[in-house]
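Going by the order they are written in, the chains are A, B, C and D; count residues from 1 in each one.
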Amino acid sequence: MIYFNSDYLEGAHPRILARLAETNLIQTPGYGEDEYCERARGIIRELCEAPEADVHFLVGGTQVNATVLTAALRPYQGVVSADTGHIAVHETGAVEARGHKVLALSGHDGKIDAGQVSELCRLHHGDESHEHMVMPGALYLSSPTELGTLYSREELEAFRAVCDRWNLILYLDGARLGYGLASPQNTLDLPFLARVCDAFTIGGTKQGLLFGEALVVNSAALKRDFRYFIKQGGGMLAKGRLLGVQFEEMLKDGLYTQLSEHAIREALRLKDALAGLGVPFLVDSPTNQQFPILPDAVLNMLRKHYGYATIQRVDAGHVAVRFCTSWATVPAHVDGLIADLRQLLG
Amino acid sequence: MIYFNSDYLEGAHPRILARLAETNLIQTPGYGEDEYCERARGIIRELCEAPEADVHFLVGGTQVNATVLTAALRPYQGVVSADTGHIAVHETGAVEARGHKVLALSGHDGKIDAGQVSELCRLHHGDESHEHMVMPGALYLSSPTELGTLYSREELEAFRAVCDRWNLILYLDGARLGYGLASPQNTLDLPFLARVCDAFTIGGTKQGLLFGEALVVNSAALKRDFRYFIKQGGGMLAKGRLLGVQFEEMLKDGLYTQLSEHAIREALRLKDALAGLGVPFLVDSPTNQQFPILPDAVLNMLRKHYGYATIQRVDAGHVAVRFCTSWATVPAHVDGLIADLRQLLG
Amino acid sequence: MIYFNSDYLEGAHPRILARLAETNLIQTPGYGEDEYCERARGIIRELCEAPEADVHFLVGGTQVNATVLTAALRPYQGVVSADTGHIAVHETGAVEARGHKVLALSGHDGKIDAGQVSELCRLHHGDESHEHMVMPGALYLSSPTELGTLYSREELEAFRAVCDRWNLILYLDGARLGYGLASPQNTLDLPFLARVCDAFTIGGTKQGLLFGEALVVNSAALKRDFRYFIKQGGGMLAKGRLLGVQFEEMLKDGLYTQLSEHAIREALRLKDALAGLGVPFLVDSPTNQQFPILPDAVLNMLRKHYGYATIQRVDAGHVAVRFCTSWATVPAHVDGLIADLRQLLG
Amino acid sequence: MIYFNSDYLEGAHPRILARLAETNLIQTPGYGEDEYCERARGIIRELCEAPEADVHFLVGGTQVNATVLTAALRPYQGVVSADTGHIAVHETGAVEARGHKVLALSGHDGKIDAGQVSELCRLHHGDESHEHMVMPGALYLSSPTELGTLYSREELEAFRAVCDRWNLILYLDGARLGYGLASPQNTLDLPFLARVCDAFTIGGTKQGLLFGEALVVNSAALKRDFRYFIKQGGGMLAKGRLLGVQFEEMLKDGLYTQLSEHAIREALRLKDALAGLGVPFLVDSPTNQQFPILPDAVLNMLRKHYGYATIQRVDAGHVAVRFCTSWATVPAHVDGLIADLRQLLG
């Protein structure tokens, strides 16, 4: 069996493991106050051209999302999100568990637009009984989105303007940020994100680390006492060095970019082959998640040798599925998959 | 100016005030453990034909909703509601502030149906990563709804079946319950509600009391330690007797029914008059809230003499508004309003 | 039976009820935006010599405490309190339910001192792993305390200095404030409280209203969006006018002071009589709560005719109890109690 | 510099790293549903002689404590703990942030006794206004405690009886459990813990893993839907296999015991040497944390070459400090420390 179910099926890139082994018995202080974390922070600040940014390392995505939003929102505020946003659907209500409503807007291919956010804020503040309703206090975006799509530079600038107008914290979840940056459709870069977002993450878990998300915080309000939030949320790793070591290794000489490009290359090879076979897609994704719509008969054969995620039934005979590539994808496996699909669909 | 903005514009029915004065200097224990509360509980159990029910008195609707749902839900569960439900829109995220997601379903005229709830539960429990999503744990209904519409006996029985199937607490918010029971379209009664709901309220605030909601709890799980929830939620009135005295007076000889019928009579007079003038309605409401769609020009004149609530713009020249009648509505005021509308619309 | 168990055994002073009746059928907007509330706010601002203060009216003490502290604290902060403080003991963890630790300091006769608070803050901020601990973010005081004792002007000034030094919100719970102000030991007044506290309450429930606490907010940070907190906490009364009407009547011409003085006079008569009989006290209280230590045999007789609260067993033969006077205490009842105690103890 | 500050200064035992490398590129499902986790669960169930136990793996201690207690407590309940308990002091109020009060009991050398817990419960349930107070709902114990001391079999049985009597969940935090089991004073074993506790942890982070705590859940009530709690709390590691791989390697052939014994041997060598030099201790600890009280002059010299944790000033010239040994302690470093202490104290 070969699995394309997700981008967290394997451990870490071998260089990451090697570096962990190399530094293993060196004694360091705990909780992220070691020299490895310090150096990794320095690299991230440089890559972002943001010498004043605070950088924190957390283990996982749900944790970092919940921690940032807990810090960003006052008790009566909620966070605006696409209805397909990870916080709206797949984090077991972690945001609500910390007291805040997710104000879900209807998305298109995983995306919302600045006009929708603006309208929501305008309606809220224009209502004479606004204090009876949750005030929008932050905007959650993911890019790539949960459906593989990307926000453009222009779109993010428009969100920024809305957030400035209505006093919202702009937070971008970059769990798959590298795959977005490596896409041919990409128009973003780290310095731009550091300017436009109050906070954003550079995901490691899905990009070649054992685990870890780097959080870049630019707004002064969010920086305040942030380590208290991490500790209270259960996100302060005792051996914080493990995150510093991994991020330093991944970012110091472009390994992150290189692995991201690999995943995108393999994803687009698969996409092109499927399109060539006349297969329609649920979403036109330019990143490492591909959502072809395949006949039941084909899937019945395919699942004997390949793992993938089932997304939704499209009609009586077809199902939309998800294939993920990643830093670890073996090109020969994609070759094999394409060959098998050709045969099944031919 | 005459106001039809809401059903809580005045104080209380004079008999309520008189009874409060009569009992004023009698010494009683606090926190609802007095003889007035005890008697009011007895009356409610009798009216509900539910000798085993627990009855609690709380001051207001947001408070009682949040308190019941805090008791009903485990931390990873959410409450299913129409997207127009009061808890979904107009309680400043009180449910989320206590840790729970409101799972909003798209409503029709303020109502949802059992099929929608069933489908939501089926999807949740059928999903292999269901633990990444909020589990439906309770169903919130209001009847009359926020748009004045009513659930029928058959509809509630269907909800009950779904709740049994998927292990949901069924809670009905009866803030305007009396107005529903007094409607010509009503098919419910208190004993039926006590059988079909795990908990429901008999609202007092909008029905002739100074304030107060009576909560009837039938399910054993919800009964457990409920007074701790009330106290923690800030809902335990020191002079709990005030609630007992008011509910006893209102319910002991049918005053509640009589006042409800009055409000419905006046509302339907207004509705019929409007319909007779060819005015369309946002919702066909059989209760004390009426939602006519009126031309801007008419409203510009009307607002000089009458208060009403603005609901939404319907088109370039028309706005849907809300007129409420209540226990306190003066028939001559409705006469005047009808006459003025005739002139303006004629 | 005559009850001295608490100061909320009766309804309200007759003038309060009369004023409610008088205004009963006047139509007003809801949620505290009516003219009665506005006038009551004006009176309070004047009495406090604080024209810039925000004034909110809430129904009960647990509700107002929880609401203020939710607004005052960031998620990782806790509130400092005497270990006998109402929020620390008798509110079913309402503060914790909203996410915050009560940092309890060992009290003396219900009081703490500024040195204790200062030391706690110094230790916290001096600890190198301070982010692993709850940061003190607010100070909760009650005056009179739960044991009837009072803070002096000098003590409050010292607390203010500590709060300024360590950036704590100073909140004073004045559930029985009037009884404190009427005590011969009092050194405070409303303008002083409005200057020294970020927020404080003027309690109504225990002082002659049916219910209600007036919250005076002086700090700009606390004022921000405060009505959202009230609504979310379930504390926004639909017929908010009921609070405005009551507070206006109580405060407009000194009724509040007059009733407070009455209660203190009766309490001190009882205290002096007990002291004259050689009865020791658990606490030397100068206000309306008196805590004599009485022999079991005496209590066995007394409880046939009088209600009181049992506080704690002091030794094999003695129990500390609480007698409360109030605005409603009948002097002849105190006479009778004193006579009976004389006979039992003589 | 040689550091004895804590037991999480290094990475992991080399066998752990080797095993992670060996399994690195094998594809597995995420979120702990892989074969490594499954096998590690099997080993733990066997070691505990608890075939019915549920076993979950979480990354860190604060996270597992908060997650278990969120599942164990109803909203109005609190958790009983020694005032030195980790949840009471060093988790930034994570328990309160999830809504629950920590009911702190005064400890002796880090321990409390069953009588104290019993008395607290008796007082709560005996109080007629018990619903105004937080109900004890769980008992948190750590063994070894934060001060290195141990609970005995008899003590745990007494706690169990109290928990049965008052319906409390008994949870034991075993962050350093191995060091406790390896102590000469130990009277516990895993099967006993699995019988007596509703839940307990077998800590990995401080015992030779990169990170990870294994949670053993025995009570049916706690088992229910537990994975929802893990996900909502941000504790569900995407690559859950990392935890399974590590625990399997550590537990399959006694490496855990062997490393624990090593740490205890080194700690007791240090303890004996210090005692031989007449050094007093803050606590008589039989485990890997030692708390000698040393003169300032000695510490001034010592800190040039050794790291340790400062606990508290004992008198004008002495400070209590903490030296930790661990699985990674180099015996020659302990030799050197002892020699240096001899010289400084001699």
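Convention: a residue touches a chain if its C-beta (ideal position, glycine included) is under 8 Å from a C-beta of that chain, and two chains touch if they have at least 3 such contacts.
Worth saying up front: this structure is predicted, and the values here are computed from it rather than measured.
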{"item": "Contact-richer chain pair (by C-beta pairs counted) among A-D and A-B", "value": "A-D"}
{"item": "Reference subunit B; chain at largest CA-centroid distance", "value": "D"}
{"item": "Averaged-CA centre spacing for the pair subunit D and subunit A, given as whole angstrom", "value": "34"}
{"item": "Subunit B-subunit D separation of Cα centroids, rounded to whole Å", "value": "50"}
{"item": "Separation of mean Cα positions, subunit B and subunit A [Å, integer]", "value": "42"}
{"item": "Residues of subunit B engaged with two or more neighbouring chains", "value": "75-76, 91-93, 97-99, 129, 131-132, 228, 231-232"}
{"item": "Residues of subunit A touching subunit D in the complex", "value": "2-3, 5-6, 8-12, 14, 17, 20-21, 23-30, 59-63, 66-67, 91-94, 97-98, 205-206, 210-211, 228, 231-239, 241-242, 307, 328"}
{"item": "Residues of subunit C defined as touching subunit D within the complex", "value": "75-76, 78, 89-93, 96-102, 129, 131-134"}
{"item": "Residue numbers on subunit C that touch subunit A, as the complex places them", "value": "31, 70-71, 74-76, 98-99, 129, 131-132, 135, 225, 227-232"}
